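In the part that follows, the structures are each spelled out as structure tokens.
After this come two complexes, each holding subunit A, first together with subunit B and then together with subunit C.
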Partner chain A sequence: MDILVVHLFNALLYASVLFLIAGGLSLIYGVMRIVNLAHGNLFAVGAFTTASAVGVWFAGSTSALLFLLVPIGAVAAAAIGAVVEPTLLRRFYRRPEEYQLLVTFGLLMILEDVMRFLWGPYPISASVLFEKMGSLHVGDYIYPRYNLLVIATGVLAALFLWAFIYRTKFGVVLRATSQDMRRASALGVNVNLVYVEAFTIGCFMAGLGGAIIAPSQPAVLGMGVDALVLSFIVVVIGGLGSLEGALVGALIVGVIREIGISVFPEIELAVLYLIAAGVLFVRPAGLFGRTA
Partner chain B sequence: MTSAPPASEKRSPLRIVPWAAAIAAVLAVLPWVIDPYQSILIAYGLVMAIAVLGFNLLLGYTGLLSFGHSAYFGVGAYAVAFMVKYLHVQSMELFIVGAIAASVLVTTLFGYVCVRYTRIFFSILTLALSQVLWSLAFKFFWVTGGTDGLRVPTPKLIGVATGEGEDKIRFLTHGYYYYVLVVFIVCVVVMWVVVHSPFGKALQAIRDNETRARFVGLRVRAYRFVAFLISGVFTGIAGALWVPLNGLTTPDILYWPFSGEIVFMAVLGGFRNFTGPIVGAVVFNYLKTYAVGYTVYWQALLGIVLVVLVMVLPTGIVGTARLLWAYAGRRFSR
Partner chain C sequence: MSNRPTRRDFLSQLGVTTAAMAVGSVAGAGVAGIAHAQEKPKGTIPATPFKIGHMTFFTGAGAVLGEPMYKGNVLAAEEINAQGGLLGKRKIEILKADEAAGTDANTKEMRRLKLSEHIDMFMGITSSGNTPALGPVAEELKLLTIFIDGCTDFLFDKAVPNPRYIFRITNIQSADGSTCAVGVAQTWPNIKTYANIHPDYAYGRNCFDHFGIVTKKLLPNAKSVSEAWPKLFSTDFTPHITKTLAAKPDLLVTSLWGGDYVAFYKQALQYGLFDKMKVATTLALGSAPQSIGKDHPEGVLTGVHANYHFTYPAGNRWPLNKTFVEKYKARWNEYPNFQAEGAYTATYALKTALEKANKLIGGWPDDDAVIGQLEGMMIAGPGGYVSIRPDNHQGYKDAITGFSKNVPEYPFPILDPSRIITIPIRNITAPPGWPKGEPTSTYTWIEQTWPQMKA
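This part shows the complex of A and B:
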């Protein structure tokens, strides 16, 4: 019984991080209709920034300060988003999809090497926070408290996002722009501003995903590319452009992955991709997607 | 399809034959003139050109962007590696036959699923399916060698074994180079016939206006499926030719950034031209080799090239050259 609780925590842990990445990806697609292949790299930027802030720049500070430093990764990713959208991506919204995919693919390659340049080829760890929080007992098992903090962050992020999009004026403007950009523009919405804000929020979420896991696993090069394909699975299952879909997709992937790791480790990834392909086959727009 | 073809197509399509023959002659003489390293680079370029030529049947002629062509390249390469490891085959011809059989099998399966969709869903579906193969190659290390990959020794060409003492470099630059060149020429001719056949014209009609193509009576999905099949098999053949050149196959060639490189090559050369993919593949190969040798940050360099390319030269090298050529022609004739 206790082992089930541990597995459940792990699945939720996984789902929380995946929701943060895939939710950002989906939000950006929903508003701007662009699939950002560099999204995984923003997750990695978040992880690297937080890891080096906690583990290198301010190492040895009081733990309260270190905890306050965790979100710095999200801020860094958001800053990149706020710069990249108006300068680079905006030119591509009216161009065919192959160019949009290619320009974000180019961005992926550039960001990957920028990280190599800034942080070097070795993993950076911020495990001090993970260790400071200790662990709790789940029956006969022990479970790290930090992971519960990650789950809580994921839940809070989902709640905030929901409130933001469905309960604020900006959310109304955002949804209107997503549904019909021209009409929103005709009604006086500053569409360019909405775009840069939506992109920045999406990047912030990816960066937060990276920042929050930095203490529990070291930041390594290539983590962005791996994260991107997993968040693709999430958005494909849930439906591109849908935040509810990203949430449900992240939970499905989190649970299957947790089962897969213990029951069928060799084909765990293949099963995930096959499920994604199967969902696309039956419902091309995903479980919650609007039909294309 | 009944509308008048654009001016450039009115002239006989066979007018390119003398040009093609001249280029083939130059390629045939090159290994005797340039140093071996350069010949090997060109061989790599030609192999990738076959793959991108196949890829472009989908992107340039059918209007479907596959982000999973690494799968068919990898299937070709792994088919060869498995034949070496488990069947102890040495003949290059059998390798190619095996790679074709394997890629027909996989593309039939994947194509059946993928051609139901277009646009971004097609791209993501091809990507997801290619990742299935990658994860299998990655995890089943007792079969595939995992990240270590599988070694492929020097094959027999047309039944002739390379002597024990013979230099591998010499084999690659003279024997194998010509083998690649011949397969490349055959592939180019076949693809040229395909895109200029009624079938190829039908694909272009589907690309330009799917609804109208359907009204004319074209079975859109069946055409797309056949295009997918041909495309995958070409890329599979390229994979088979690539392994002996590289000597090793690893899961990297199944991973999705490799698919991105294939797209990159097509766009670099210009995907709206027949010759664009060939030029793009050869140029990309040089670009990547020298960028890797020049700096550890070669990926950023290539990324910048890609971003600049899609911003200022969306028609690629060949498209831009054609524009300049037409412009110069108009200036000159005045």
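This part shows the complex of A and C:
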């Protein structure tokens, strides 16, 4: 019984991080209709920045300061987003999708090389926070408290985004721009500002995903591409452009992966793709997707 | 059945030794070591640069192994160039290529390096997925090649069973699983159950197979009770750890490495895994010594790819190692791993082969003459002797593993100097002429020729 609780926590942990990454990807697509392939490496930038801030630059500081430093990765990713959207991506919204894919994929590779240049090839750990929080007892087993913090962050991010989009004036403007950019613009909405804000929030979420796991999983080169592939599975299941879809998709992937690893270890890699394929058969636009 | 050997007898037959002092070294005068003085070459040697195409992982998670490989190659090349170059004349020039481009792109790049850049030689390769694809291409191009790693048994078992131009310097892959299993049988002979966590690709499968067959022979009572196959380059191992804990095994065997292993052990600590079972690994301290923290538990059987750890042979007992580690640290500000040692030794194997061939025929030796010298060569590298078997062009070096221990001299754990386990490599690898087998020749050789221990 207690092992089931641990499995459930594991699934929620995975889902929380996936939601942060895939949610950002979906938000950006929902508003700007651009598939940002560089998104995975913004997640990695978040992880590397927090890992070096906590594990290297300020190593040895008080844990209170170190906890405050965790979101720095999200800020770094958001800063990159705030620069890249107006200077680079904006020129490609009216072009065919191939251009957007090429540009964002190029950006993905540039970021990968920049990270190798800045941080070198070896894994960077910020595990001091992960260790400081210790573990709590779940029956015969113990569970790291830090992972519960990650789950809480995922839940809070989901609540915050929901409130932001459905309960604030900016959310109304954002949804209006997403539904009809020209009409929103005609009604006096500063579309460019909405775009840069939405893109920055999306990048912030990816960076937060990387930042929050940095204490429990070291930052390694290549983690961004991995995260990108997984978040695509999530949005394929949930529907690209839908935040509800990202949430449900992340939960499905988290739970299925946990079950898959325990019951069918030999096909761990295939299970997620099989689920995505199944959803595509039944609902080609994803569970919450809008059909064009 | 009563005349079956005991485990202890058989382990001593295997030559398994657990004392650091047991491997008596003869590093005195007369050893044809790496740094021996150069004689004046015979005949005229061209002054054109000698181009080596070096392909390894420079990007992605594999760079944790690729970078040290490249650095080992560069260090050796700089040393040789400082003495005037190969045969005193030809400076080594290294052209980099990124192995992360994918197997298909890698074969194209190898062709391009040979046909457009006119490289004289090819070195490198980390992944076991790439050597079986690149080996046949190198043979077709007649491109002299020393693979540093990509150590799958499959390369010389199946992909290129009769190599001419390609060689490989690091230990064969099956040695990892077998060495780990021998270490377990010697250290924890009473285990009844074990769990597995292996990365889901050629290396993990190979370790699983060979750990399994050796354990079946040496510890017939031990049963595998759990398997987990995480994707290579994962960072979240919480489900695999939970699954392993739920199986309540006496021992966990894992072949995770690099960033994967770092993520694994840090998470496993917080799940209390190390308190609940023994842990044996094949590559934990192998990939990047400095990436493992002092929080890593002591007494874990920590493998180093059955191959090399910079602290062994220790002190000045094998001066080649001492000077190599010092020079590498001075040049790169980090400690070398097995890839760095492999690339360094391979470069000197080339130099030695060229000098020997030159002595015989004068002038710049052609590839056939160099190959003739590499075949059967025994060279002393930082980690010990490497012999290149003439029939399959594989380098053989005695296998080592040991136990993690924290010492004040290093900010990371090293192999406990008082408990190094060494095994003569010929005792855990299939001999020349052994028929090709499934999954590997070494597997069928162990299965058919090792005695079955008493339960």
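What we mean here is this: the second predicted complex is superposed on the first by the 292 of 292 C-alpha atoms of A that agree within 3 Å, B and C clash if a C-alpha of one lies under 4 Å from a C-alpha of the other, contacts with A are read in each partner's own complex, and residues count from 1 in each chain.
Please note the rule applied: contacts are C-beta pairs under 8 Å (C-beta built on N, C-alpha and C of every residue); 3 or more make two chains touch, one makes a residue touch a chain.
Keep in mind it's a predicted model, so treat the numbers as computed, not measured.
*Asks:* Evaluate whether subunit B and subunit C can sit on subunit A together after superposition, giving fit or clash.
*Replies:* These partners clash in the superposed model.
*Asks:* Figure out whether A:Tyr122 sits in contact with subunit B (first) or subunit C (second), or with both, or with neither.
*Replies:* second
*Asks:* Given the touch rule stated above, what does A:Glu98 touch, subunit B (first), subunit C (second), both, or neither?
*Replies:* The answer is first: A:Glu98 touches subunit B but not subunit C.
*Asks:* For A:Tyr141, using the defined touch cut-off, is the partner it touches subunit B, subunit C, both, or neither? Pick first, second, both or neither.
*Replies:* second
*Asks:* According to the stated criteria, A:Glu244 is in contact with first (subunit B), second (subunit C), both, or neither; which is it?
*Replies:* neither
*Asks:* I'd like to know which partner A:Glu112 touches here: subunit B for first, subunit C for second, both or neither.
*Replies:* After superposing on A, A:Glu112 lies in contact with both subunit B and subunit C.
*Asks:* After lining up the shared chain so the two structures overlap, which partner does A:Ala270 touch, if you call subunit B first and subunit C second: first, second, both or neither?
*Replies:* In the superposed model, A:Ala270 contacts subunit B only, not subunit C.
*Asks:* Going by the clash criterion at the top, which of the stretches 23-31, 77-85, 113-121 or 329-337 from subunit C hits subunit B after superposition?
*Replies:* After superposing on chain A, the clashing stretch of subunit C is 113-121.
*Asks:* Do any residues of subunit A touch both subunit B and subunit C, and if so, which are they?
*Replies:* In the superposed arrangement, which is not itself an observed complex, subunit A uses residues 112-113, 116, 225, 265-266, 268-269 for both subunit B and subunit C.
*Asks:* What part of subunit C is in contact with subunit A in the complex they form?
*Replies:* Listed in rising order, the residues are 58-64, 66-67, 200, 227-231, 233-236, 238-240, 242-243, 245-246, 258-259, 262-263, 266-267, 269-272, 288, 290-291, 293, 295.
*Asks:* Considering only the defined contacts, which subunit B positions touch subunit A in the complex?
*Replies:* Going by the criterion above, the answer is residues 59, 65, 67, 113, 116-117, 119-121, 123-125, 127-129, 131-132, 135-136, 138-140, 256-257, 260, 263-264, 267, 271, 296-300, 302-307, 310-311, 314.
*Asks:* Mind listing the subunit A positions that touch subunit C in their complex?
*Replies:* My answer: residues 3, 6-7, 10-11, 13-14, 17, 112-113, 116, 120-123, 125, 127, 130-131, 134-135, 141-144, 146-147, 213, 216-218, 220-223, 225-226, 257-258, 261-262, 265-266, 268-269.
*Asks:* Help me check something: in the complex, which residues belonging to subunit A touch subunit B?
*Replies:* Interface residues on the subunit A side: 35, 37, 88, 91-92, 95, 97-99, 101-103, 105-110, 112-114, 116-117, 225, 229, 232-233, 236, 240, 265-270, 273-274, 276-277, 280-281, 284-285, 292.
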